[in-house]
Structure formats: structure tokens, C-alpha cells
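Shared between the two complexes below is chain A, which has chain B as its partner in the first and chain C in the second.
Let's look at the complex of A and B:
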């Protein structure tokens, strides 16, 4: 399945793409929020610690004193084993703590603590600074308390959060992929259902597609249905037209032929008789061609969707012989039947087989000399053979494969009325049934044997 | 034979009637089913020739009605349509045979004879001359205690002679009766068939005589 050419593939890929983007965004947001939360916690503790130190500042005789509360620093130990630094500055002098701890930048003001991230002694530290006015209101001093802590614990927390967020992101992505697969399958189910219902029909089934299509497909289904309706109407119009055309052409031809026969009877001069005789032959030829072309069109039409009737080939052969016996009788030709007594079962299109056998027998009668015999036989071997063997002019010097080509007639057939479609029809019927038409010269050198071989 | 022709095309009907009469048949013509019903109720026919497309109905309906009748007259459908399936459905509906327009009258006659023979010789189609009987339906020649089966061409040739005993028929006339338009036959072929008929008639009361320069005629032996 080429994903570029499959709706399901495209839908799936797009859903997976969206899931990947969402997973990434989810990962980034979770990590960001968690890190900010951890950072916020550290800031709060640093501020609380600085405030606690500031709270213990005293002013005695204009001197600022500090009794460093232990709890102020021990609360910082709750996060992790990070090192803690502090510095209390009063009027530019370091009162206590690490004198080289940089002061926060920007500097804190009264009531506004300042937070900053600095590098101190080779480590990244986070620092919080508060300002406190110490001493009597008239002569107070601004004292800055700065508390800093390394961020190793925070980095560990951040790593843990990243790992978790990555895991959740991947899990989300995998789940989303599975859901995409399911969703794309589900979304396409109505299409698959429709495709199946269309694919199941035979080529002759031109009824409207009955399934209730999804809204998006309704225009397509409507177009398909209206196309099928038009096709079906046009096919039945074509059939009606052919029948009507045949009627219109044949009825006046019948009048002309009947009149010509009458005239032929009444004429006495041989040259006049010959002229009318040629007229009648021309009429016969055109009517025969028209008939065989219609038969040929019918064969092509029916061969596409072969009927599977339960047939008895022996009975079928009998019917065909019955049908053409009067025609053979006119030339004193005897049709000998060598048929098995038991029915010969075969599944196929009875109308087509009848057309094929009639064409073969009709051909045999046409090319047989008067007073001769045609043998119709049905034999059951590994295949089924339906054959007509005649004592006619045979196939002297004729390319047999050419006889079954459309409008091709044997080179020794000039004096017989024909269209060159008879054996083509038989050949096509045989092939539609998975069999073949065989034309072989007779053993004794007189006539030919034309047989329809069908698989059992 | 007595025919009922049901055909709405007037020109075609006239030609068919005339052509059948030429061979000695009696023909009534109905151009609608209604007229045909009237004919059938008052006369007996050996055969009905039925066109399928008619102004006052479908010939197929008529076929089905005919089938239900007690005394059933055989029907040969003359159809201008030619799809094989169409023709087969006609037989299923009860037609005894069909012939596609335009048709050869010799073939029509052969089909009529075949249908009548299948029906068991319902029609009385015997002609006799000088103690010799020709049965067209069974294709038999009978005289004394002889009964001879005739081949188709022998029968048709004898029909000509039995139709008008004593009359001289030219070779070319006999050829017209005997050979179809697609056969290339020479006048010698007639001599061959006449020779055969003479053999068939040996021992009967009739014989065929050569009238030099004119043709042949049948006379009492």
C-alpha cells in the first residue's frame, strides 16, 4: 500500500504527525512548569530564610547586631544537601557571612526582595536578598540580608522531571499512534463497505448502489448511480434500437425478396432470370450479414457475463439438428446424429452454445454438396466434443486459423452466400466457455470436421 | 395447404399470398389479430404464419392464446428480429418453428412440411393420379401395395407433376422449383432427377414423358 495513494495511509500519517507535535509540546510544557515550580519553591525558602535572618537584626546604641538564628539556615537543608552561603551587609560593611558573596543585582529595596542567579565559587547559586531598616525610625540603617544556595538539588529534580516527562511523552505518542490506526480504520469503514458492495456486483448489474452513504460520499454515489442509470438506459436503448433497426431493414427486404421470387417465376428469358436470381442472392447476403452481425454483437455482449445454465448437450445438439433439418432437406442432405443416450451435463450459456452450433451446422450445410451426409456427434472423453463432419469441399489449401477471423472467408467460398462471421461466432462462444473451436480435414480426404471442445 | 397469414405490412403480405398461391396453396390474409381471430373461428387452417409486431397487439400474446386452444393449429412465426435469445423465447411460447425475414419460400415450405409431419400429418396433403398417390406430408409415394419414401427434391418435383398432370413443364421451370437461389445448377441436373423419378414410378400407373425441345410431362402409363 503506497501511503501517498491511500486515504487511510494519509490519514494515519497526518494523525501520527499531529500526535508527535502534541507529545513534544506536552513534554516541553510539563518540564517547564515543573522546573519553574521547583525554582519557585527554592526562591520561597531562600526568601523565608533571609526574612528570618532580617527579623533577628537588632539595633543597640546605633550599632546593628545579629544573633543568627540556626533555624533560618537549617530550613534550607530540607531541599537537599546543597551548600548554603549568606552575607549581611550594613552600610557597605559585611556584618557577618561570606564577604565575597556578590550582592543581588538589581539591588533589593524596602519591601521588595530581589532574586538572582549567580556564579559563586565555581557553582551556580540562587540568591535572595531583602532590605530591612534597623534602628529608630529617625536614624535607621538599611541592612541587606542575602542568602544563597547552590542548585545541585534542583538540577536533580529537573532531571527526574525531564525523564518522567519524556516517558509520558513517548507513551502518549505510542498510544496516539495506535488510536490513529484505529481511527483511520474506523473513519474509512463506510467507504470500504461501499467499495465492497460495488465490487461484488457482476458487470451486468446496473442497479443503483443501495447503501446509505456518508454525507461526504453522497455526491459521488449519486454521480455513480446516475451514471449507471444512464448506462443501463443506453444499453437497453441500444438493444431496442438493434431490434427495431433489424425490423425496419428486414421487413422491406422481405417484400423485395418475395416480389423478386414472383418475378423470377414469371420471367422466361434466361438472362432476365439470371439478373433477378443475382438480386435475390444479394438480398440473402445482406440479410444474412445483418443477422450474423447482430448475433455476433449478442455473443460479445453475453460472453462478458456468462450465464451458468444447467444444460444437456445431447438435447441441445438434437434441437439444433431439428432446427436445421428442413434447410438440409432442401439439398437432400441427411443429418446423421451420433448422440449418447444419456444426457451430457454441462454448465454454460445455452443461448450462446445454440448460436455457435447453429452457425457451424449452417456452414456445413452451405458448403456440402447435395445428396451428402453430415454427421453430428457428441462424444464424452476427457473433454466434451460437439462436432459436425461433412462431405463438402473441405479445406484444400486454406489457412484454418483465418477462418475464425472476423469477415474472413475461405478462399474457395466465393460462390456461396455468407458473411464470414459464422465460425468467428462459434470460436468466440467456445473461448467464452473455456473451450476451443477445431477445424480439421476429414481422414478420408473428403470434407472437414468442425468441433467445439468444451472442458468437462 | 391452407394458410392463414397474419402480417400487417400490406405489400409484403400481398407478395407472400401471391407467391404461396403460385405453388398451389390457399391463403387467407389477416392484417390484425382481431381479423385473424375471426378467420380462425370460421375456418380450419393447416398452418398459421404469424408476424410478431402487429398494430393491435403482440404476436406473442396470440401465441399463448393459441396454445390454450383445444384444437391447436401449428404456428410458424415470421420474425424480423434475429437475436438468438429472441427466437428461442418464441419457441418457448409455443411457436412450432420460426423463420427470419426475408425468407426463402422453398425453406418456408420445407419448414411447414416438417412442422406438419411432427404434428402427425393432421393435414390431408394427398394428390393422386392414375392410381398413384403422393403424400406430401409423409413424403411417400403409394401405388398398389408399394410405399416408397421420397427424398425432398424428388417429392418437390413430383408435386409439380401431380399438381398438373399432362401439362408440359420446361426444364427451366423445374429448375426454379427444385434449386434454391444460392445453388448454381445446370439443366443437366434436372435430367438426373427426372431419371430418378422414372425409377421411382416404375410399376405405377404414371410415368414421366420427355417432350422433345419443350420439357417433361406426367402421363398415365
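Let's look at the complex of A and C:
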């Protein structure tokens, strides 16, 4: 499946993309906030420590002195095991502490502590510095107290937060991916349902799509329904037109034929007689084509609402053979009937089946040479087979599937007049009854066997 | 522990011309054969205390020769902090100085096996405690009938106040100006209880004698020269009790400071692997009853502390740096001197 070409794929990818962005944003925000909180905590404690030291500064005989409170340094050990440095500077001289500890830059001012991150003894340290005026108001000294701590604890906290945030982010992303998969599937279910309902339809089913579509699909369904209605109307108009045209052609043709026969009898000159016979043959052919077109229109029409008559297929076959016996006689063709004695019961549309069988037999007669035999048989096996086997020119190298297409005729039939509708009609009738039309080369040498297979 | 063992200095083992400024009290090479490596240890624990431990360590880890140097707590600090002396392991009873060594970056980390030492016995994966030694009151049998000894500091103060003639010149305690352990427990006392300064005041009025070492105090208490000695190293007193009569150990019920003897691996250690092996070996000291008895060093034992809530192990952390601050130390010593040394 190419995801660019599938709505579900695109929807899924977009949802996953959004989830990935949200996960990343979540990760960054959580880590950012947590790290700032951790840094803030360290700054607060450093400031508290520096303030505690500054609070214990005092002046003795004009000398600044300091009684370092135990808690000032021990409090720094409460959040982490980081190394601690401090320095108390009075008038530029280091009063106590680590004399080489760099002072904060910018320097703190009275009431404004300064925080800085610097490198001391090979490690990054965070330092807080406060300044305090010590001594009598007239002669006070500014004393800077700076307390620094390494940031290993902070780094450990940061690592832990990062691990947690990463885990939660990944979990969130995976969950979102699963939900996206589900959501994209769910969102497209109406489309799938509609697709299935349309796909299940037969080729002639042009009814409106009945499902209640989601709002977004309503225009599509409406357009589809309107298109199908137009198509259906157009189709039925065409069929009507053909039927009407065929009907209108056939009736005058019958008159013309009768007149031609009368004329034929009156004529004496053989060449005139021959010409009129040709005319009659052409008229027959036209009439037959018109009949087939009528049949076809009828099949198309009736297939939509198939009648369920109780039929005897053996009798039906007999009737068809009887009806076409005169045509066969003209070419001295014998129709051999291999029919079971007992009736073969079948539920279906008698008129359609008759038309189908008639067309198949008519075809067989048309393509059989004079003085040959056509075998009509009805066999009952797992399915019902109604077959006509001829000794005609057969189907040498012809694509059988094309024969049942409308107006398509075998490539070896150029010399015979025909519309190409006969097998199409038979095929459509077979399909309408849930069966199929089979055309196979005759196993007894020449000719072909055309059978209508119907389910029992 | 800086005991009075200068006389036991074995000249033959003393490496003449040891190029350093710190004072080497004792030194001995525990050879191994075949010898795979040498572990250079600087320690404040005396040879006779540590010999059984080193022998047991060598039995467990054959091939490691141990070059054991004994020095004082301040000298050990100076050797590593200021002189850059090269050792693979530094063992000291001065928690504060060890803490400063770690804090100032003179130690290297080692992630010890989990669940051997409790959390409170390790600091920053740099400092590993292996003994817990209380500071106790030692009383002379000649001064106190059984059951008469004071049970806490208030009783001790009252006793001294009410019997000045009996105890004048008969009280001993550490001279905190020279003893690292004395300074540590005295400063912790001053943190824990206001009674400390009153006690110092009373002891000062009674002309308390000042000692450098626990051994001397115990000797004088046992002989009846002293009636009592305050803040004596309990582990040493307990081991002396096995051979010396005439004194009792009184754990005070208000609180007892418990000092942790610690080891650290200096940043410039060369034989780090064996140093780590030794740290692990020392961590398991409490499981070797024979060694505890032989050395007199009680191993780390959380249960003992839980059973006796008055035992207060001195906690690791930057707080230990406070009393090392030069101004703080000056102030403390000034107060201590004005209380105790009332010339």
C-alpha cells in the first residue's frame, strides 16, 4: 500500500506526525520545566546558605569576624552529595574559606544576590553570592559571602528527568500511534462499508446507494446516486429506443417479405427469381436481427426482475426444437434430441430461457453446413446442462470470451449474416439465473458445443 | 588513632630518608610471595591494630604486598592535601579531614558493591566507612562503686559540681588543640548539647588534665590516677578492657557520638584496583568476628545503632567542613580554652 495514495495511510501518517510532534514538545517542556525547577532549588539552597553565613557576620573591635553556622554548609548536603566551596571576602581580603574561589560576575549588590556558573577545580560549579554591610553605620564594611556547589547532583537529576521524560514521551507516542491506527480505521469505516455495498452489486444494479452516509460523504453519495440514475435512465431509454426501432422495422419488413414472395412466384426469368430470393434472404436476416435486438432489450429488462416460473426444461427444449425445425429443414439439417423422459424441473423465467435456447440453436443452424446434424441435449448432473452440439466450422482459434460480448462475432463468420447478439443474449440469461454459458470445441472432431449451465 | 605507640617504632622497617614533610610514626611492608602488586596505604590506625586485618586481606587476596604507613590525622591530611604524597589508599579516623579531602577533590570515586555498606556509611562514592567507634566516658573502679557512675552529662555535671575536692585534677579529656579525634567529638558535642560548654566549664574549674591520646587516659583511669575520662575512644577502651582492670566504660544515655573510620582512594592513586579490593574487604569487616576481636575495631552495623537510639553516628556531608573553617576553629578553640584552660 502506498501511503500517499491511501486516505487511511495519509490520515495515519498525519496523526502519527502530530503525535510525534506532541511527544517531542511534551518531552522538551517536561525536561525544561523540571531542570529549571532543579536549578532553582539549587539556587535557593545556595542563597539560603550564603544568607545564613552573612547573618552570622559581626564586627569585633572594628574587625569583621564570622562564626560559620553548621547548618549553612550541612543544608547543602541535603539535596545532593555535591562538593561545597565558600569564600568570605572583606575589603578585598579573604576572611575565610577557599581563597581561590572566583567571585561572582557580576558582583552582588546590597539586597541583590548574584548567581553565576563557573569552573572551579576542574568542575562546573554554581555559586550564589550576597553582600552585607558589617560594622557600625559610620564605618561599615561590605563583606561578600560566596557559596558554590558542584552540579553533579543536578546532572544526575537532569539525567533522571530526561530518562523519565523520554520514557513517557515514547510511551505517549506509541499509544498515540496505536490510537491513530484505530482512529484512521474507524474514520474510514463508512467509506469501506459503502464501497462494499456498491462493489457487491451486479452490473445491472443501478439503484441508489441506500446507506446513510456520513456528512462528508453525502455529496459523493448524492453525486454517485444522481449519476447512476442518469445512467439508468439513459440505458433504459436506449433499450426502449432499440426495442421500439426493432419493432417498427420488423412489421414493415414482414409486409415487404410477403410482397417479395408474391412477386417471386409471379416472376419467370431465373435471374429475376434469383434476385428476389436474395432480397427475401436479406429481409429475413434484418427481421432476425431486429428480433434479436428485441430479445436483448427484453432480457435486459426482465433480468432486473426475474420471474420465478415452474418450468420443465425438457419440454422447453422440445418446444424450441419444434419451433426452429422448419428453419433447419431448409438447410436439410437434422436436429437430434437427446432428452430425458422425465420432466426436468427448474424455477426461472421461461420467456428468457426460451429466447436464450432459441438464439443458441439459431446460431448453430446458421453456422452448420447443409445436411448435417445438431444434437440438442438436456443432462442432469450437479448442475443442469442444456447443450447444442453441431458439426459446423467450430471455433478454431477464436477467443471464446469475446463471443458473448454484444455485437462481437467470430473471426470466421464473415460470410454469414448476423448481428452478434445471439450468444450475448444467451450469456445474459444464464447469468441472470446464476448460471453460465459455456462454449467448447466439440470433442467429436468438427463443430462446437454451446451449453447453458444452470444451478439446480 | 594516635596512641602512645611512638616507642614501638621499628627502626628496621622505617625507610630512612622518606622524602616528605609529614611525620611518619611507623611503617611496615607486608610482603607477599609471589608478589603481584604493592598497595600503598597511609593510615592513622596503629600497626598492631591493623596487622590482623592486613594479614587477613592478604590471605583473601594473595600476591598483594601492603606498604603500610602510620601517621597522625593532621599529617595524613597534609600529606595528601598539601604535599601531594602518592598513596593508593588513605585510612583515617578524622571524618572531617577525610570529608575535606573528598570535597576539595583529592579523592577518586568508586562504586562499591551495593548492599554491603548502608547508605549513611558512604559519602559521594568517595568516602567509605568501615568502623563505628563511640566516644565514651571511662570511670575508675577506685572512684565509683558499681552502679554509681553518672549516666548522662547532666548527672556528670552535678556530680562534679557537688564534689569539687574529690575530682580536682582527677578528670581527663582530649586536648582538642592537638587531637583530631578530640576536636571532632568536642565540636559534635557542642552541636548536640548545651551541656557540653557547662561540662567544659566545670572540668576547667576542676583543673582537668588534657591528653593527646585515649591510651594515656585509660592507663591513668585504670591506675586510679584519674577518676574519670571524658570522650575516650570506645573501641580502644573496649579492647584495653580485655587486658587491663580497674576501669569501666560508661555509655552516656543522653547521646553518644559515634565516629566512623573511613577510607578513601586518593586522586593520584596508582594501584586503584587493589585499593578498591581493600575498600571492599574493609566494608565487610563486621562479618569477620575474628578480625573485630583481633583489631578491636567494630565494623559497620546498622542494627546496633537501631537498638541503641542514643548512639549518634556523625553524619557525612559538607557540615563537617564547618569546624575546619579557620575562623570557626579559632572561635571554638578560644571558647574551649577559656572554659577549660583557666590559667
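Things worth noting here:
Everything below uses one rule, namely that the second predicted complex is superposed on the first by the 271 of 456 C-alpha atoms of A that agree within 3 Å, B and C clash if a C-alpha of one lies under 4 Å from a C-alpha of the other, contacts with A are read in each partner's own complex, and residues count from 1 in each chain.
Going forward, contacts are C-beta pairs under 8 Å (C-beta built on N, C-alpha and C of every residue); 3 or more make two chains touch, one makes a residue touch a chain.
The model shown is predicted, which means the values in this text are computed figures rather than measured ones.
Contact with chain B, but none with chain C, is seen for A:355 once the two complexes are overlaid on the shared chain. By the touch criterion stated above, A:65 is placed in contact with chain C alone, chain B being left untouched.
Residue contacts after overlaying the shared chain place A:287 against chain B, while chain C stays out of touching range. Of the two partner chains, chain B is the only one touched by A:262; chain C is not.
In the superposition on chain A, A:270 contacts chain B only, with no contact to chain C.
The partner of chain A that touches more of its residues, comparing chain B with chain C, is B. By the document's definition of touching, of the two partners only chain B reaches A:295; chain C does not.
Shared-chain residue A:250: touches chain B; no touch with chain C. In the overlay built on the shared chain, the residue A:156 is in contact with neither chain B nor chain C.
The part of chain A that touches chain B in the complex is made up of residues 242-243, 246-247, 249-259, 261-262, 264-265, 268, 270, 273, 277, 280-281, 283-284, 287, 290-291, 294-295, 298, 323, 325-327, 329-332, 351-352, 354-355, 358, 366, 370-371, 415-417. Here chain C touches chain A in the complex through residues 102-105, 123-125, 191, 315-319, 321-323, 325-328, 331, going by the rule given at the top. Residue ranges on chain B touching chain A, taken from their complex, read 9, 11-12, 15-16, 18-19, 22, 53, 78, 80-86, 88, 97, 100-107, 110-111, 113-114, 151-153, 172, 176, 180-184. Residue ranges on chain A touching chain C, taken from their complex, read 65-74, 76-78, 81-85, 95-97, 121-123.
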